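Same chain, two partners: chain A is paired with chain B first, then with chain C.
Moving on, here comes the complex of A and B:
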């Protein structure tokens, strides 16, 4: 649906382009993903640009900032591009939510210290409570958390799944015990292990094959070096919506590998045979079925997008503007970011702003530009410390994963 | 009231020691500062240790996390020691509040971009809106924000003012335009200026001498190098409670110098003659009156305190515990932190944890200790990069400012 470079267009029936351009106000009937909205009531953001309304916040996220989020479903909340602001950390109340299955009962976060996790595949396997984990080590890591499907909304093939554009991502600060310290305290991993496998604490409904809903993911064991079992996010106990009381954090790896409500952490010789590992979250060629021979969705690629201006098709005043955005490199730090105002024909190097929170965090970038009246297509392109430049084009795949295309993430604006 | 090293005691009538020890539950009549509480209803924190209840949150802070805060008055909210957690950034909903006068009407944050500030004492003075400032530069700085009276509750002289213990401080991330860029864009400061003077936008009640309530502070002009006019805090527009729509941030300087709702920023040859500058916030010897010859409350000293365990007199189980805390050095980075479990007789070096957010931010520290049954007095002592060691003793002064004493901040605990 989105040719490159994109130009402002009006297309309210396309979930990936639900932003409405040009100041029109009205109501529309729209069918969207797994649920229906009979009326798309519009709200007007501070910029004066209409933005799509969304469903009410689900109960377990009622503490979040409704205006900053697009509620796609009870399990999928997206941060608006305009809500990222200029800071380096995404506040919890603006952070996206994506659950594969509904979260467990909120009672599990009433006494976080009582939650237990079984550690297996080590010489001395045992269960440990969060209270015990807190005495075993402490590390704090800033890391980008991004759903593998972030950017799916830009795929012209309209893959099934939430049509996220840029908002299924955030940069947050986790505190917890390093998995490497934990493994060492329990005698180290046993011989022959290749993967670190985490199992979520979601309830398995009766009458279904557990493997079809079990949230269990395996990542290469090298990821253990940076992984945490985290009980705190952005300075507060991890909320239920984000995997509290305890979440496996695998910095640099896509969101799905960061197991929420973790109840089992195992060092294993084989990958999990749960469906979410075996056939889903694979780079499956269009038209094919997922299988273990296809690449699993693990490390994130180098990527960036513009956050200010924050609205597709935004009407801006002529004059000086600060183009701002975020850039990250998965497990590698970002070295530089370029910005284009002409859809990628010419580029200028942006300035990296603010504190560097480490290689797993994103960097803010900024470039002041003087814009005269006209149409512009703003784009950003990051390069990591290994010299890897952000892709121009997405890699097509059946589920719309790993979209790092700078062209897809470009933002048309109008200056008057 | 607090001899050093302190030992657990029960003293519910002392505002600086309102924590209740030993698991007793009950209600008490208590007079506190400028208002009275007829009953001190207690709540029980997750640790099981009773903590003092506080007044309801004032309306303009209703979005904050009540359980994390002690409400001393409508203008003074303190973060509980136990609410700091293990992260490096203090979430906005747990951050202390201290206003010298009531905040302006909330309507001023409805459209932050429309707020204007007058820049004076530059070659080309003018008023600028926040929207204009956003095009003039962007910097993000993590900095400790601390009320000058933090630790006043430990002064045996019971100075007037809020009896803060450790909770009138936080580490937050500010985004805004660097004052040095702004000054440069307006031709630079005029000849002969010595101070940077900020004026707050609080309403001046009719019939009072404006100088007696005006929130106007001057700091040495060198502070301009790191100062921001900030419109964002922790990734969101600065809330009214924290000085939104626009706050002067002077990293490394006590909270009072970080002017909220700033309406005028002037480069001046003399200090402001407002009372808050001329005679208040001075290191005034006990029994004397404040005057401009006494040192003004500007740069913060090197300081640290323990945040976990987080409750004075906490009953802990024997075994392994992680002693955690925060340490900062004002305008200088922290080099190291030592921890004592015997009230300062012996010290062990703690580990600095997590990302270093720059010299104005605090560092988290952690030290695992094995505690056998008995009484302990936990203390921490920071050293900055210049070798300045945190003071053992407070410097007495009439208003209870600048308490950096490690002895005062020590924490008695009981291990059973």
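Moving on, here comes the complex of A and C:
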């Protein structure tokens, strides 16, 4: 299982190319035919070098900061590695977007209070408007939101799907009604239920099997203790791009489980038979088909990555540098983070900086280092409060999910 | 072959490619899947997606190898 360290260094020794790519940041429109560059984007993705700006922001995300994002497609926008800053919380206009199917019409966020969600699998099932939910409880939770495929771009097998490197993740603050309070107010879950199942409000076109397109996910019912039906993100109504007017937030669980535009929340004895639950988002061995016996993509693993310096083609000069990054532990808090400048041969403990916003949020870390001219491989490795250390190597799977490998996320840099 | 490929794209499969994909050459404007004019996939990528499915897209296991080839080559040619 152990393979030799895979430290991609070839592009680092090609400063002309790095300059070229770095210079492309912020030039916004290289041309509308941006996807002819997909091959290039996929090549550089695996090395941590920046992907050139490809195409304009899709209309429902027009309010976002274009220079901070990589537009892969109209349903997939990635935060640039260098765009996270040091403020713990990811601003909404820099936050990634991943929609399985296009978002519903923007009219649904015109009057968020009017949106309704059906609550089923409780003793007194009923439909509730957001206005009614607002009177039933309020909790605010900081949590990492991360697409299941974040880090897919580092898989040498090049799985199908968006080749995200680190940017399909952010740390945001959700406000809404706790699902446990809601369930209690409706008499509690009925006997025999073991899952919490959320169904999204996306429109399904005629002529398509609804189960193939429906965004419906089940998570173990214990997740209801921390889950919210959220109407605010970072203190503002949840934008359409992030699932407004109402989103199921399952802290510590991978992005796909956080159902956007939620229309139905049900406590169920079985998992959903929608394809997105039954055969997609599973830890499917390479070459095999997805099926319900394989592990579903639920809780996130311990993970960290460096966000500065030397990201997205930033040139580094000899001298003192503050190595910064983010670290999280899924449903467990991070205890410590180590940083290496030699690709993991030696480690030093970094300092956790900024506020601790709870076990579902990420921590910022920082370590000052003095670097002489030469080539380095910057790496970070997080440990959670249970002593679980971030994996060195990814677990291979056909769709490229759950990449927590610190080696994949290491950053080769050249110091001049 | 391209004419046959276009017909297959418009109505030769269940569900039809056209339901979910925008492709100018075929006059379709589906929005569930990627806009093929922007994606510009090569024939191998199209064939793989048809046979194995990809994301929301199901695997079209009822199609013959010849039908997959017609479709894949048509989409690649129409978006070049």
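The rule is short, and it goes like this: the second predicted complex is superposed on the first by the 361 of 416 C-alpha atoms of A that agree within 3 Å, B and C clash if a C-alpha of one lies under 4 Å from a C-alpha of the other, contacts with A are read in each partner's own complex, and residues count from 1 in each chain.
The criterion applied here is as follows: contacts are C-beta pairs under 8 Å (C-beta built on N, C-alpha and C of every residue); 3 or more make two chains touch, one makes a residue touch a chain.
No experiment lies behind these values; they were computed from the predicted model shown.
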{"item": "Chain B versus chain C as contact partner of A:192, first or second or both or neither", "value": "neither"}
{"item": "Touching partner for A:213 - first (chain B), second (chain C), both, neither", "value": "second"}
{"item": "Touching partner for A:364 - first (chain B), second (chain C), both, neither", "value": "first"}
{"item": "Touching partner for A:88 - first (chain B), second (chain C), both, neither", "value": "first"}
{"item": "If touched residues of chain A are counted for chain B and for chain C, the larger one", "value": "B"}
{"item": "First (chain B), second (chain C), both or neither touched by A:237", "value": "first"}
{"item": "Contacts of A:292 with chain B and chain C, given as first, second, both or neither", "value": "neither"}
{"item": "Footprint overlap on chain A, comparing chain B with chain C", "value": "none"}
{"item": "Chain C residues within the chain A interface of the complex", "value": "15-16, 19-20, 30-32, 34-35, 38-40, 48-49, 52, 54-56, 58"}
{"item": "Interface residues, chain B side, partner chain A - complex", "value": "46, 65, 84-92, 94, 111, 113, 134-142, 173, 175, 232-237, 319-322, 324, 353-355, 357-358, 361, 364, 366, 368"}
{"item": "Complex contact set, residues of chain A against chain C", "value": "33-36, 38, 55, 73-75, 100-102, 160-161, 205-209, 212-213, 275-276, 280"}
